[in-house]
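Naming follows writing order (A, B and C), and every chain is counted from residue 1.
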Amino acid sequence: MAKKTYVFSVIEIIEVGIMKNIKWKCVIVCICCICYIILKTISCYAQNTPWHWILTLRGDASRKSMDMPYSLYVDKATSRYYVVDTYNNRLLSFSKKGKFLHAFSANQKLKLPMAMIHDSNGILWIVERGKNALVKINLKTKAINVFHLKFHSMELFPDRMHEYNGIIYLLDKMTGNIYAFSKELKLLYCFKAPNSSLGFIDFKVMRGALWALAMEDQSIYRFNLNGDLIKVIHLSKKMEFPYSLAIGPTGMIYVADRHKNCILVFDGSGEYRYSFLNLGQDRGKIYYPSEIDFDPWGRLCIVEEGNGRVEIFGR
Amino acid sequence: MFIATCSYAKVTGQCSNCHTMHNSQNGLSVSKNGPNEELLKDTCIGCHTGTNDGTNNTPYVLSISPPNYGVNGTGTTGNTLAGGNFYWVASSGGGNDRCGHNVQGISPIDATLGLTPPGGSPLSTELTCAGTNGCHGDRSIQDQYKAIYGAHHAHVDSGWQDGSTVAKSYRFLLGIQGMEDPKWEYHPDQYHHNKYYGVDRSTEADVSGTISHLCAECHGYFHHGTGQIAPDIPHGVWLRHPTDFDMNDVKNGTEYQYYNGGTGVDNPYSVISPVATSDTSTTLNTVVYHQSGDAIVMCLSCHRAHGSPYPAILRWNYKAWPGPGGYNGCAVCHTAKN
Amino acid sequence: MADCMGLISRNKHIIKIILSIIICVVVILYSYNSFSFSKNICFKCHKRSQFAGKVIHPPVAKGECVVCHNPHCSKYKGLLRYKEAELCYSCHKKEKQIFTNGIEHEPVRKGQCLTCHNPHSSNFSYLINGKLSNRCFKCHKKLIRHFAYIHPPFRNGNCIACHDPHHANNSLLLKASADDICFSCHKKIKMLKVHKGFPCNNIGDCLSCHSPHGSNNKYMMRKYLHKPYKESCSICHKKGKVTAEDCLRCHKDISKKLLSIHNHLLGAHGNGCIICHSPHAGDSKFLLRAPQVLLCRKCHEDTYERNQDSLYVHPNISNCAECHQVHGSSRLAMLKEDGNKVCTRCHETQGKFTHPIGAQARDPRTGQEMTCVTCHHPMGTNYKYELKLSGKEDLCIQCHRNY
């Protein structure tokens, strides 16, 4: 009887032990799984650099998507994004949170708009490739003025456009130079690319300087606003097709490589730091980026021609 | 990387196994029947032709070589599935119109019946697999491919099919409920078979959602009617063999009590002469006479849906019984008459 | 005996060291001898006379066959120790570093040194496997060789007078700029006298008029002459530089094409036209400066590099203008038409029966119209039919996620 009891007790102990062990094993396995998940998330996040997707600007309320959007303008005063939906001959406005607001086509009179600015007087300036002109639209009076710009009797082919302190800066595809005009369209300055035979491909004006990207020699030319060349920054990493640049809040240089479909980051002296994003159609991937720029809230905006959208990334 | 939410679709494998984007390969067409809007490489029967061996992922409802209809000729131990096999009605199998449904692409129109199904109204074309003149898919849609569109991908194998969509219907029969055997009743037994849905009726009015109702959509007179029935169900004179009728109502003191050799309580389910149930849980009905509504006679108690070696697509060879090769499946229920 | 054993056990470590040294020496000696071993053994079957030539590769001259060959077995043809280029670069290390700069000649890029060189011996310098021009023309079959007026280096088969056979910083593999090469023989001072009256009293851009191989025109002038050039220089050369506007004044149809989202109106100090076109003479009626594929490659080298090793490439890939609108286009990638029409011009069947495309079929990821180029990338991919991903499943599930 004692033996039986002893055996029974042993069995009981073994059973309890196994059960306890199973319980603890389950607990340990669960903790390991949770740790793995957390670590994996962190490592994924780390691999993908400090930028993360915030929002996407797509088409309009009727779900008509953008088609070959070329550039973006951000109005800090009204906290609005304006996307130049080039192939659809319209401008789309979005709120800061990405909500579609309005589509503007000037009564369908726009012809391949490429760039726009919206100045404080309620005037819209639009570069229209279809007319090869700079168009001035007074939104209040609805007056439209078309200007074919010339430089020394040579017709300009305006491409990119920015405004800074009331001056309009235009990139001319004919010469590859950048010209500064007053609002009365009087030519003020010319920013020339001395060494690069193909001229500039993009530029930004900020903090009292004009930064221009030359594709052929893959350099950034920094000018003062009088047109004097201050510095040439040679970018240390060879890119396939540098197409657009942006200057970050801390002075880092961001260049969109249109064919490699990524963004390369350089420090102020042109030393390569890292790159992020790659080719694709999903969120967080890009396809034929046409312009990159920082909005007033420090977010990096990427206009993607191929995907018909603007993706906004934040740190 | 996180736990993905995904549904386990019925079809698996590479997309290119079934689909062709341009119907062109090495300068030749891929689809023998011409391009179709669903970019399919073949027709329904083209994909569902083959020999079942228990490992195939696609159920084969037509075999080119004679299928094995199993021991006793009851189609439960061979290589045919729940619906049987179209072999015997197809031209390659002898072309016996009485041994299967005459489906377009499988066999010519029934030489005797034409386009009129027994007990029903004429169809506008030969019977198709799906669509308005078919069984599977949405029978309100003419085109049979459109009728079944998306179902193969959206289907979930397990659980009760509530008939709400084509993908969620029993065997893509829109509106029909049931639970599907994952092997399509390849070598079924008491514990591995389809769970058919039936409703116990006290009148001869039609009911929806049952497997018998599906048959009745074409063979209506064999299932329901008015003004032509015995007034005193379950007693009185039967005009038609009962369907959607629960044997629980009449089992006590009758031959039906001994269904499939049982005692009248928890009788083993028969895969030779199966019954439907009105229980919509996911518990398989392995026994009959366990609860009310679990012994419902249905069309498939005696017939196969696609084809069998026997006239009237009977599940067993009653005509040859009691001779060798014959079998009296009727006696599974009519236990006093064997 | 016992004393011996005791001695051994006490000095075990020293004995071990001595034994190791002996083994090493034997191995080294054997290895050394194996080199000289081959001097006698290899040439017993492989007659030395087969490797006699004016120029002999040093390892062969020394009889050190095993420097390159494994005498027993190898997974490479010719019983080589390593893959072709890997083997060559194991000695020619400096060349490896140099050749990878700029654009590599295709055999160099593919590591196929033996396309041109004989690894054993040759009667020609640099171990060229036969006469130099014969090697060049073996691949460059389409080059026209017979002209009324032939440039002597070309006639003499001295291709490397102008071209670098390994690498260069230009797609024509010229050793230096074209003008520098020309003036290295045809002194500029002398040429100025011959080209009297030229605008700006200067000469340059020799290849815009002259063909460097040969021509049926005197002075090796290229086949087709630009009409103003034929008639009078002053038609274009007025005051100041000749700009793109001057070109477009006549070529009005091109002017319209430039009014597209993307155009090839490049800076080039006011005249982007002459980047691709010669304003004077050319060998094609469009006066292109070079064969199309080489011309586009001048700027789009990255596209070629990215796709050159792809397994599946569209057969017509060298004819860029077949699909791309070279002056200006409002389509993505400067295609001639949208991503469907440009393909179905030739692929009619695939255009008729296809996965849904067009305005009614939208890519769920981007809302853009589905086109042929949503799935296919004709420039080159590693998937059959130039698909972007495997057509069996991977590509489909990019959009059909739930399947």
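Note that contacts are C-beta pairs under 8 Å (C-beta built on N, C-alpha and C of every residue); 3 or more make two chains touch, one makes a residue touch a chain.
Predicted model, so just to flag it, every value in this text is computed and none were measured.
For this structure, the chains sharing the highest number of C-beta contacts are A-C. Legend note: the chain whose CA centroid lies nearest the centroid of all displayed protein CA atoms is A. Farthest chain from chain A (centres taken as the mean of C-alpha atoms): B. Centre-to-centre separation between chain A and chain C, using Cα means, comes to 34 Å. Inter-chain spacing, taken between the CA centroids of chain B and chain C, is 65 Å.
Inter-chain spacing, taken between the CA centroids of chain A and chain B, is 59 Å.
Touching of two or more other chains is recorded for no residue of chain C. Touching chain A in their complex are the following residues of chain C: 243-245, 258-261, 263, 265-270, 272, 275, 299-300, 302-303, 306, 330-333, 362-363, 365-368, 398.
By the touch rule above, chain C contacts chain B in their complex via residues 349-350, 353-355, 375, 391-393, 396-397, 400, 402-403. Residue ranges of chain B in contact with chain C, taken from their complex: 6-7, 9, 11, 13-17, 19, 21-24, 35, 39, 153-154. Those residues of chain A lying in contact with chain C across their complex are 58-59, 63, 65, 67-68, 70, 86-87, 112, 114, 129-132, 154-155, 157, 173-177, 193, 196-200, 240-241, 259-260, 281-282, 287-288, 305-309.
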